[in-house]
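Structures follow.
Both of the next two complexes hold subunit A, though its partner changes from subunit B to subunit C.
Right after this comes the complex of A and B.
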């Protein structure tokens, strides 16, 4: 089994992230909250004045950046997986029904999606956070509430395309019920698309979480998240740029990896694309 | 002795979005016989076939008429009852083998699904039967074929798979909707022979929709010539080719190359004939 570079990169980063998230307590060299006021703004180890005690340096309170990044991955991974899954399920189910059954089901779902998308997403999530109170569950709910429409629209359009294909007619002529055609014939043809959407959504979820925690609306303030690290680092960007750059690199890397993972998986499992590379 | 009528389309009128597409279509298919339905593109032949299968487009309305299959009126059938009938008693050989198979499902699954549902076979039984079916359509190495995806097969192979799957539950009626149009000539011939062979073997009735008069001449017991949504002539195959009555049928025959008379000049269907047809359609529409 050869693994394409894209798939390797995506899988590698995500497996690494999951590992870090679960093993944060054992892997992180320091307690992410432990302050060391004698060593504030310590530069990364490879710069002048850096020490190997703090690989990526310390922040304004002398907390270890690397440990904070590792602990921050817990929030990122949780949000990416749970929020993307929930948004995916909700959006896909509605999209499948709307696309396949058409008629009033489609009208109702499509109008809801239209109205939904008219709300500015950031505003919506801030309102939600204000109503529900800050916390991890709020972030997940906010992402699901905002992003199910993305799945719904794309899946609906794809199902409508698939529905008009001859193989669906063939399935009808062997007497399969609409439900069996939808689940047994149409859904497998939508799966490659779902994989791509899901991984894209993981990337988006990580960004949204970062935005919310940057605005202080995510998990409690003393927990490390990549977004809140950027927010804290922003104030000291002239003295210690690495405070801000380190979490940014993490976010960019995980979003890139999400996209690569999606592409790689689709190429691997879509029989139609597999034909291109014998 | 003539066999009993199995499929009886009687005075079927269908319109799509207010425009009539079938005008009083009546034709019968007798048990174990092949009935040809010929006509040019847009004549309504595919629409007639789809009406039998209950697969008319959403915008289509049946204005009047009946489709009786062995006594049951197909048009008034409930969805459940139709699902039970389709695939088991009535099957379709589709037009385009390249798109009629689900691209992400293995060949085996696609044949086995219908078998398990209609014949109540278990997984192994259905698989064994699928292998037999693929052997019956002369496909090599059926075991490994079951595990392949449609894109790994050529057009001719896919059409054989579809033919096998159409005959899989020993239906009493097969609707062949231009089954050879999308294939090249040599493969066409093999597929026709195959349909003929299976049809004889199972004594299946076939409604053969095509625009190829040559195919009809060889294959069909009776022939209906269609134009503008109307059946112009419906008679036994021999009669229609020996003594065509309708001027359009005569014109069509004159426009078709024949192996037994290679020297003949082909005459396109004349404007006169077409004008007369249009006139007839106008008169008909005015009356309805």
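Right after this comes the complex of A and C.
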């Protein structure tokens, strides 16, 4: 089975991220909270004055940046997995029902989606953040509340296509119940699409977490998150620019990987696309 | 007539936003009064403050009062800044509007240019460059572009200012909060240049994602237009490829681009919340995060409503452009 470069890059980065997140305690060279006030603003190892003790240097309190990045990936991965899963389940269930049953179910769900999408995401997240207060749960809830519509719309459209296929008619003819047709026949055919949407959503979730923790609305300040590291680094950008750049690179890399993974998977699952781009 | 109907349709949306915002903010735990009193304030002081801000009334009463005040343009007093919300927002809104307008112009120019370049030099390196840049532009969110801008053009090569709207040392009495307009009207081009210099980085940060999305759409619709008969006719008449693209095909390829600009422009306006914070740009976006962190309910409500009005206005403008461009929409 050949793996396209896109797929390879995306898979590689994501597997690496998950590994880092789960193994953070063993992989990180230092305690991410341990302060070393004699060694503040140590530059990265390859710059003048850098040491191999702190590969990416230290921050204003002498905390090891590499270790903080690794521990920050825990928050990123946790949010990405939980938020994308919840948004996916909510959107998919509603999309499946709307697409398969049609009629008033479809009308109600589609109307809700329309109204929802008319409400700009920024307003929604500001209001949610104000309502729920800062914290990881706010981040997850904000992502789920805003992004379930992505899944819902796409799944609904796909189910409507699948419903007109012969296999659904055959299943109806042999007397299967709508529930069995939906779960046993239609859902497996929507799964490839769901996987693609899910990977894209993980990238979005990582950005939203970074945005909210940058704004001080995510986890408490002591815990390392990429967004809060950027916020800290921003204050010292004139004396130690690498403080800000390291977490930015992590975010950009994760987003690019999510997009590549989504694109790669879509090409793999969809033979038509594969033929189009040899 | 068409426009009037759209305007009427926008009113329930606005009312819905108002209801949602008001209800959500009232039913949640977290007492804004608790955040403004010094520790050790007496119970009576707390009660007095609650009464002063009307927080001791039942929620429907609070909403009724609030709505009638909003209709009269009174949003109440900001709890954290102790200033009239309407005054605060009105003082800051012009900065945001100017920034968004500049950002949109930049985005449209960059986006169309990238789309045209990709089609004009199809299959060669300019196309790959345009595609690569628009891919990056879409993947990286606006606030990271802003920080990158600060790092590269503010710190490593300090060419541009990275905070504020105007250098406070400049003597300039704008007469209104629309500094750009005032500078143009009064003929102070030195001030204009200074204002624009302050806007380059925040405007670029806001513009790049929109430009990237625009580039994709322009490229797609332009490539399609290039296969149409009227383009072939123009080519057969001996027009050069560049001229056909710019004079003939582009005009027809712009309609989908305008739709997208409308949709994405709301994202751009939303992006001001973070970008203005990063650049200490004195607009309404800058107020929003502080208001949330301080749980400043009157200010949040005022800001959210102003943002909602902005979004609705943008959509109305897009609809109006449509009608102007495509007469088919006007028919029932």
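Things worth noting here:
Just so we're on the same page, the second predicted complex is superposed on the first by the 248 of 278 C-alpha atoms of A that agree within 3 Å, B and C clash if a C-alpha of one lies under 4 Å from a C-alpha of the other, contacts with A are read in each partner's own complex, and residues count from 1 in each chain.
Here is the rule we use: a residue touches a chain if its C-beta (ideal position, glycine included) is under 8 Å from a C-beta of that chain, and two chains touch if they have at least 3 such contacts.
Because the structure is predicted, anything quoted here is derived from the model rather than measured.
Partners subunit B and subunit C fit side by side in the overlay (superposition on subunit A).
In the superposition on chain A, contact of A:259 is made with subunit C only, not with subunit B. In the superposition on chain A, contact of A:165 is made with subunit B only, not with subunit C. Put simply, the three-chain overlay gives an angle of 100° at subunit A, taking C-alpha centres for subunit B and subunit C and rounding to the nearest 10. Of the two partner chains placed around the shared chain by superposition, subunit C is the only one that A:248 touches, whereas subunit B remains out of contact.
Touch criterion not met for A:97: it reaches neither subunit B nor subunit C. When the two structures are aligned on the shared chain, A:211 is found in touch with subunit C, with no touch to subunit B.
By the touch criterion defined above, A:131 lies against subunit C but remains apart from subunit B after alignment on the C-alpha atoms of chain A.
Counting the residues of subunit A touched by each of subunit B and subunit C gives the higher count for C.
When the two structures are aligned on their common chain, the gap between the nearest CA atoms of subunit B and subunit C comes to 22 Å. The interface of subunit A with subunit B does not overlap its interface with subunit C at any residue.
Within the complex formed with subunit C, the subunit A residues making contact are 115, 118-123, 126-127, 129-134, 203, 207, 210-211, 214-217, 230, 234, 237-238, 241, 244-245, 248, 251-252, 255-256, 259.
For subunit B in complex with subunit A, the residues that touch the partner chain are 53, 55, 58, 79, 82-88, 90-92, 94-96, 99-105, 113-114, 117-118, 149, 151-152, 162, 165.
Residue ranges on subunit A touching subunit B, taken from their complex, read 102, 165-167, 169-177, 184-185, 188-189, 191, 270-272, 275. Contact residues on subunit C toward subunit A in their complex (touch as defined above): 13, 16-17, 20-21, 24-25, 28, 30, 135, 139-141, 143-144, 147-148, 150-151, 154-156, 266-267, 269-271, 273-274, 277-278, 288-289, 291-293, 295, 297, 300, 303-304, 307-308, 311.
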